Structure formats: structure tokens, C-alpha cells
Amino acid sequence: MIPAAWYLILAAVLFVIGAAGVLLRRNVLIVLMSLELMLNSVTINLVAFGHVLQDLRGQIIAIFIIAITAAEVAVALGILVALLRNNHSLEVDELTVMKG
Amino acid sequence: MEYVLALLPMLVKMAIVVGVLLLLPLPLTWMERKIAAHIQQRPGPMRVGWHGLLQPLADALKLLTKEDHIPAEADRRLFAMAPVVALVPPFLVFTAIPFGEPVQVFGTEVTLMLSDMNVGLLFILAVSGIGVFGTILAGWASNSKYAVLGSLRSIAQMISYEIPMGFSVIGVVMLANSMNLSRIVAAQEDLWNVVVQPVGFFVFFIAGLAEAQRIPFDLPEAEGDLGAGYHTEYSGIRFSLFMLAEYLVVVMLAALNVLLFFGGWQGSPFFLPDTVWFLLKIGFFVWVFMWFRFTFPRYRYDQLMAIGWKVLLPLSLLNILVSGILML
Amino acid sequence: MARTSVKKAGWIGRVFFLDLLAGLRLTLRYMFSKTVTHRYPDHEKWVPYERHRGHHFIKTNDEGDVNCVACELCSQICPCDCITVIPYENEKGDRRPKVFDINLARCLYCGLCEDACPADAIKLGQEYEVACDHRPKLVVHLEDLVAAPRKAEDGGQVRPARLEPGGKRRSVATAAAGAESHDWWRHIRKGK
Amino acid sequence: MEQAFFLLLSAVAVGAGLLVVIARDPIHSALALVACLVQIAALYVLLGAPFLAVIQIFVYVGAVMVLFLFVIMMLDVRKEAQARFLPKAPLPGLIVLVILAGELIFLLLQSARLHAVMGPGQPVSEQPPVAELSLLLFQEYLLPFEVASVILLVALIGAVVLARSDEADKNAAQRKAPRGAAR
């Protein structure tokens, strides 16, 4: 039997790693991937709680998260491709098109 | 000690499966070369052994002793990883494929599969979907135009054909009320699914061919226009690993076709054991794939995409709809 | 060669993939038909027709003397200058070649030497296995030309043969003329 | 046994996660993320959610990450791989990270409500049924399910619109024009 706390610790560690990627990396693609990592750590938490409480709702929400992530990635990568086509770079600090 | 005893059947089964899978390409290459030859009205390899039976060994020896070349500008680690990554999914898939009814060995019941999963079918589809990573890595790490083009093609092809492939088996899952492969086989005791689900079989067969990157859908390695596609830069033992993976995917696809639509080990003639009958069916499908390979020319890329999205996807959706209505 | 018999089947044919099925039927028929290739070095060998222009030979007369009178017409007419003839006078006072070399690496097997020969001496035979691993070996001398096989009677047939690696000059040993040879075209024309 | 599996999987997951953030080449990042996601899928099996594990491999590894790799390869980002981190001192980011980590540790150690839930854990069930999950999904959560499908449709259309270039349309129009004139 695996203590439920272990899952929470793992999720926390992955979340912090993902956050580090989002905050520190320069490449937009890697920032997006770090976001995925953060989403996954949250999903681990949900499923772990569902397992501990013997409730399937945790898994249901995880499924929704996965579905929505797929949509998010499709749109985000579409935006990236469009940005790059208009001669922007992939660096986070240069993507300032919407700045007033 | 008890632990080891409990694990023993599993270990034996694993050893058998891995051993057979590793040796399988030898007869398959011989078969493929012979079929190719006879379709082209020539005898094929005849010189090494009786009717060239030892030819695969000679080929293997040649591949193993060839220079293992890595391009100068290649990403060396990924280049070395790619063939292994390509090999993992086909092996993984065989953990979920049943080879017959459970049998009695020394008084204990032994299932003829490594893992009896409730979500077996979905697992197989998912794992065969990640088979594309080997191709992607190989193409990217080679740092060559042809290889990158090949892996770009394989990505697009995989994504487009995974969808109809997944949808086409839903009819089967609905009929069996389960995604467990043994139960799907058990549900076909009276009638094989190919009779009930001809459209599903058609879509699954074609999408499977495309998913396995077999001719006529072998765009990623199209030697006519891309050199050899994603494994242009590979030689020697790494290349042979790609070949191994390719053959395993073919066998896996044949096994899936048999399990899902041709009743698995059901309906064997009275004298054949179930498992042998099942393997014979798989062999038949492998032969069909090779027959297709040496009959059809390669599709053009836009035709490939058009078939996937405009023909197979609507057909599979229609199949789900119609079989759902009929089952109600 | 057999051909598929697909007519324009219209959209019904396209829906049911009649054209693809016809292709599959054709290849299936081929698969169970006889092979058309020769199993050349190991089991059989194709002997070309008599009109074939292959490796040269020099005819001899009844006394075992070469027909050649060393007139050097062949070496004059040779477009690639591959024949070397040096004449001498033998005991009987006849003009005979002392040296008769043909450089097969230069020869283009045009057969002009055959036409030019006034003594019916040099002929082009049906041998085609002249490959070798050392270039000087391609220069054949008078004794080779005399010893070279003459025209085969059963041209256009497939004869039993056997590969003898490490053998003498020709590594494919052919059976005697007429032994179980068969007409290869028999299989090919049948499908038409 | 299970604990050993958990430790192995989570160690690999954390290592791969670190590699995602550290790697210079986006392709390496993406592959590390793939490794990490596969470990997480295995963890789902330990958590008695094999269906979710398979979905994770199917959607995340088989589709989302492949899409990432496709875009990375298409955009040819080898030039971009020069600078790894943000140029100016990422001090604010680091501070935020430290605060975040501290908060999480504090919560995990101190929160009473969390400890009320966290027991020794449940045993891993061998073959959890998929049917109950689907019943719950299609009965109680039918509306969110439909909403999710609509969102996916919108995303699909949005991605297509975004990826279409205006120039391509213009080029197509130009290419058509002279042909029409010649006729």
C-alpha cells in the first residue's frame, strides 16, 4: 500500500518543476510543455484523492482535463505557427504583440 | 519463495513471448522475399540452404557485421535511442494479446497471455500509437532532409489514421460489451465479427495498414522519393532493429485483425489445437499484407490524407451509428 | 504477359474497389504460376541463338591446322583496333599467324572481322562468360581461340549447367549439347 | 513491491520533469516530457485507474506530444536553442518559485484537512471496472461531457483558422488568375 501522501508530494514536486519551466525558460514551446507538466501534476492529485476516497469523480475530472488539454494544445500550437509565420521569434520576452 | 513461485509462470510466458518475437523476423523475411519473388514470377533466394531457408541468417550476419555509421551532424544520443524506441511498442502490445483459452499445466490454470486487462483493446491501440516515436526520433536525429521529411509524414499519417482505427473497433466493443480481448473473442463464438461488422473490418484493415506504414501507405520510408525515409542514415545493427520492429508490427496487426474480426481461436477444425489455429490465421493475414505489398503502388501523399479523412473517418462514424441503431 | 481485364466500371466499381481487386487477382495468379527466370549459374544456362555474336573462335581444317592465312584483314577492319596479327611462313610455305591476339576488353563484338575474313577462319561464337578479375586475362591468344567452343547446335535453348567456383577459365560447366535442354520461351508465351 | 514501483516511477518522472526544464533542445524537452507522462500513466495504474492510464498514453503521448514534436520539427527551432533561460536575472521568478515550493511543503506538512483525508492509502485493486466509470461519465456528467466536446470542436476550427495563412490564399488566387486569362 502506498501512502496517499507520497502521491501528493510527487505532484507538488512536479508542479514546482513545471512552474520553474514556465517562469524561467525562454522558448515558448518549452513553456507550453511545462504547462502540460503542471496540469499533469494536478491530475495526479485528483486521481490520488479519488483513489483514497474510493470515488470515481477524480478520474472523471482527470478525463475532462485531458480532453481540454488536447484542445488547448491544438489552439496554442496554431497560434505559435501563425506567430512564427508573421516573422516573430519563439522567445517569450519578444512576443509582445498585444502590448498596448 | 512463494512470491517467486507465483511469478514463475509469468516469467516463463514472458521468456517465450520475447524469444519467439525476437526470432520471428527470420522466417518472416524469408516468407516476404519468397512471396515477393513468386508474385514477380521468380524463385527468390535459392542458394543458402534448401530453397534459401538459411538466407535470413546470412542477411542477419551481414547486417550485424556492417559498419555502424552515425552521421557527423547527427544527434548521437537520439540516433542511438531511436531503434530501441521503435522496438518497444510492438513488444509491449504482445503483453495484452491472448493466444488461446486458459490451459491446465501441472494442475494450475495458466492463461495464454501475459496480462488480462479490462482495457486491453484500448491499451493496444494506445501503445501502437506511440510506435511513431521511433520514426520521429530516427528522422530528427539523423539530421538529414529525407529523414526529417519521412518522419514529418509519419507523424501526420499516424495522427490521421489513429482516429478511424479507434472508431472502427467501437462496433466490436459494442458487440462484446467489453474491451477485454478474451471476452471479445468469446463473443464471436457463434458468428465472426467480420460478418456483422464488414465496414468496421474494412476501415480497421486499411487504417491498420496505414498505421503500420505498410505499402501502399509506406509514405514515411517511400524509397522512390525519400531515399529510405526515416532510416536513410541507418546501417548495420540499428537498421536491423528497425526491420525487426516493422515485422513485429505486421504480426501485431495480423493478430489484431484475427482477434477482433475473425474470431480469434474460435472455429478451429477438430484436429487442431486452438492456439495453432489462431497462429495459422495470423500467418494468413501476414501473407495477405505481403500480397498487398507486392501488388499495389504507393499512394500519393494528398491521396493518403484524403482517404483517411474523407473516406475512412465518415465510414467509421457511420458504422458506429448504424450498429448502435441496430443493437437498440 | 497477362493483363488485367478491367473495364471502366463506373462509380460502382470504384466503390467496391474492382480495380484493386483485379490487381490482387493478377498477382495471386502470378504467385501460383511457374517462375520464368533462369536459375542461371547453379542449375541451367541459356545458350544464345546461332546468330549471337559472342566470344571468338578460329576454325581449323581437317589436318588440325588453323584456317587463318594471316592476311590481317580482320585487324584492318576492326573498328576498335583490338586484333593483333603477326604472320610467319610455316614449313609447308603457307602464311599462318604467329601471333593472333584479341583484346576482349576493347572488342565490341560487331562481327566485322567475321565478314572480312577470306578464309572462313574467325567466327563469333555463343559464349558470353568472359568476365574475369585481371585485365591481362582478357587478351586471348591463338591457342585459346582455337580451343574456344564452336557454334552450339541448340541455340535458343536452356541447358542444364552447374556452377564450379574455383574451376578453370569458365566456372559454369554446361552439359553436352542436346542434353535435356528446353525452350525457355514456352512458359513466357503461354499467358498471352 | 508497490512502494518500490512507486519510488521507481516517481524518480524517473521527477528526473524527466527536470530534464524538460533544463534541456537545451526543445526536442529533448519534448521527449523528456513524453517519458514523464508515461511514468504518470503507470502511476495511474497503481492508483487503480487503468482506463485513465490508457487515455493518458492515447491522448497525451500519442496525440498531444506528437503534435508538439510535429510543430517543433516544422518550425526548425535549432537556432532558438542557443539561449536557455530568460536573459535578465530571473530573480522574481525564482522568488515566486521558492514561495510556491514553501507553500506546498507547508500545506503538505501542516494542513489538518489534508491529513484527515490522507490515510495509509488504499490497496491497489486488480481489475477495476470500466463500466461504472462510463456510467458516471454519461449520466451524472453528461452536460460537462457535451460541453467538452463542443470545446474540442471549437478548438479544432480555431486551430485550422489560425494555421491557415492569408498569403497562401493570395498565392492560390494569383496562381489561378493567369491560367484563367490564358483560357
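All chains are identified by letter, namely A, B, C and D, in their written order; residue positions are counted from 1 within each chain.
Everything below uses one rule, namely that a contact is a pair of C-beta atoms (placed from the backbone, for glycine too) under 8 Å apart; a residue touches a chain by one contact, two chains touch by 3 or more.
Everything quoted here is computed from the prediction, not taken from an experiment.
Interface comparison, A-D against B-C: more C-beta pairs in contact at A-D.
With centres set at the average Cα position, the gap from chain A to chain C is 74 Å. If you average the CA atoms of chain C and of chain D, the two centres end up 69 Å from each other. Chain D has its Cα centroid 5 Å from the Cα centroid of chain A. Centroid to centroid, with C-alpha atoms defining each point, chain B and chain C lie 47 Å apart.
Residue positions of chain A in touch with at least two other chains are not found.
Annotation for chain C: no residues touch two or more other chains. For chain D, the set of residues that touch two or more other chains comprises 51, 55, 63, 67, 74.
All chain pairs in contact, by the document's touch criterion: A-D, B-C, B-D. Residue ranges on chain D touching chain A, taken from their complex, read 2-3, 6, 10, 13-14, 17-18, 20-21, 23, 26, 29-30, 33, 36-37, 40, 43-44, 46-49, 51-52, 55-56, 59-60, 63-64, 67-68, 71-72, 74-75, 77, 80-81, 83-87, 90, 93-94, 96-97, 100-101, 104-105, 108, 114, 117-124, 132-133, 136-137, 141, 144-145, 148, 151-152, 154-156, 158-163, 165. Interface of chain B with chain D (complex): residues 75, 78, 116-119, 122-123, 125-127, 129-130, 132-133, 136-137, 139-140, 148, 151-152, 155-156, 158-159, 162, 166, 179. Partner chain C is touched in their complex by these residues of chain B: 35, 37-43, 46-47, 291-292, 294-296.
Only residues 1-10, 12-21, 23-27, 29-30, 32-34, 36-37, 40, 43-44, 47-54, 56-57, 59-60, 62-64, 66-75, 77-82, 84-85, 89-93 of chain A touch chain D when the two sit together in their complex.
Across the complex, chain D meets chain B through its residues 25, 27-28, 31, 34, 50-51, 54-55, 57-58, 61-63, 66-67, 69-70, 73-74, 127-130.
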